[in-house]
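Think of it as A, B and C in the order they're written, each chain with its own count starting at 1.
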Amino acid sequence: MLKLVRTFFLTLASLLLVTATSPALAADASMADYKYVLHISDMDPSKQDLILNNARNLLDAYPPGDVDVEIVAYGPGLRLLFADNVNAKRVESLAMSGVRFSACGNTLKGMTQQLGYAPKLNPAAKVVPGGIVRIGELVKQGYIYVRP
Amino acid sequence: MLKLVRTFFLTLASLLLVTATSPALAADASMADYKYVLHISDMDPSKQDLILNNARNLLDAYPPGDVDVEIVAYGPGLRLLFADNVNAKRVESLAMSGVRFSACGNTLKGMTQQLGYAPKLNPAAKVVPGGIVRIGELVKQGYIYVRP
Amino acid sequence: MLKLVRTFFLTLASLLLVTATSPALAADASMADYKYVLHISDMDPSKQDLILNNARNLLDAYPPGDVDVEIVAYGPGLRLLFADNVNAKRVESLAMSGVRFSACGNTLKGMTQQLGYAPKLNPAAKVVPGGIVRIGELVKQGYIYVRP
């Protein structure tokens, strides 16, 4: 019974988190010529370096305003967006250059239940209800999907 | 010489298997608004869990009938569709919720030759001639490609 | 100071390499019905086999001229296109069947700096400025993206 109550509050907490942070993504109908959605769901930490390099290379390859990059992280890949990730500074610096970072709310909910607390996310990350749903929306809007 | 004869019969067997099961996929011009093709070709068994979670999340994210999900498995990822896979029950349950599972005939042929017998597939799986060709057809039909 | 000079010349060398080899890719507006861009950026060598099998299966699945296949390699996946890779012969044989191989110039630059010399590439490989940018261009031209 106690466990049920705890689960209820954890779920409520993650739902509030999702509601609180997702409106920030509302106005993302990008006018850029090249729009990329980069996807990370791997356990392997070397993929975190690679996807950040990819985002950097995209920013460097096009004139400012011509490229739009969003990184969607879910599953084991969500760790990239943890506040204490080794790449946290690079994530923040890319965010300041305009890269968006979307954290999967479903994964967050699952991890919160497993850990017993909500993992602290990088302030650059925005929580979306579902990472895979977010990817689908972006592809429908003409984003180029790449999964490094 | 014996080996040649054996190879011939194994190849024949897999060809018959392909012919027998693929017509079931004929009528798949889906009318759903959101159509996803999820691809698995990884060795790593943790990917099997992840792709099934992804399919589940997609079904839960949209009203019934608005989403269409097909999982295409090839290479080492074909194991997800083996009858004795640890996730076999989840595969069947997702299939009952409308998720389609396509098993690559080329991979099956290769595995059959290596094993000396055709691996038993999950009854929810349909064999397609080639997994990568199937993905291409679906993308051409407007499916959103995601590779977890 | 010596290190700086060395880095300068290595960078210059890779830039020249990029300029020298990329024009070969200029005329690639393919008229094939099925155009695929296959992407490799994995460390795992088993992925090299898989992507070459995939290219082969695509060539075999369509009548000649109906399919166009380009493999884009970057990050740790660039190793597929090294001259001394175990799969070098298969790469060359697929190239003779019309498959194009694009090697990421950014990755090459980084590897050249790390190694202290430019790794020798398979003669079948063409260097493109950036692997991810190349993938984006191809997808914009209607290529089907698959990441084995």
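By our rule, a contact is a pair of C-beta atoms (placed from the backbone, for glycine too) under 8 Å apart; a residue touches a chain by one contact, two chains touch by 3 or more.
In UniProt terms, the chains line up like this: A, B, C = Sulfur reduction protein DsrE.
Everything quoted here is computed from the prediction, not taken from an experiment.
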Seminar exercise, completed: The angle in degrees, nearest 5, through which chain B (Sulfur reduction protein DsrE) must rotate for its Cα atoms to match chain C (Sulfur reduction protein DsrE) is 120
Problem set entry | chain C (Sulfur reduction protein DsrE) against chain A (Sulfur reduction protein DsrE), contact positions shared by both copies (same if over half, else different) | different
Problem set entry | Inter-centroid spacing, chain C (Sulfur reduction protein DsrE) versus chain A (Sulfur reduction protein DsrE) (mean Cα positions, whole Å) | 28
For this session: Give the residues of chain C (Sulfur reduction protein DsrE) that touch two or more other chains, as numbers and ranges in rising order.
Result: 145, 147
For this session: Name, in rising order, each residue of chain C (Sulfur reduction protein DsrE) that touches chain A (Sulfur reduction protein DsrE) in their complex.
Result: 39, 41, 43, 75-76, 106, 129-130, 132-133, 135-136, 139-140, 145, 147
Exercise. Which chain B (Sulfur reduction protein DsrE) residues qualify as touching chain A (Sulfur reduction protein DsrE) in the complex?
Worked result: 34, 36, 44, 46, 50, 53-54, 57-58, 61, 144-148
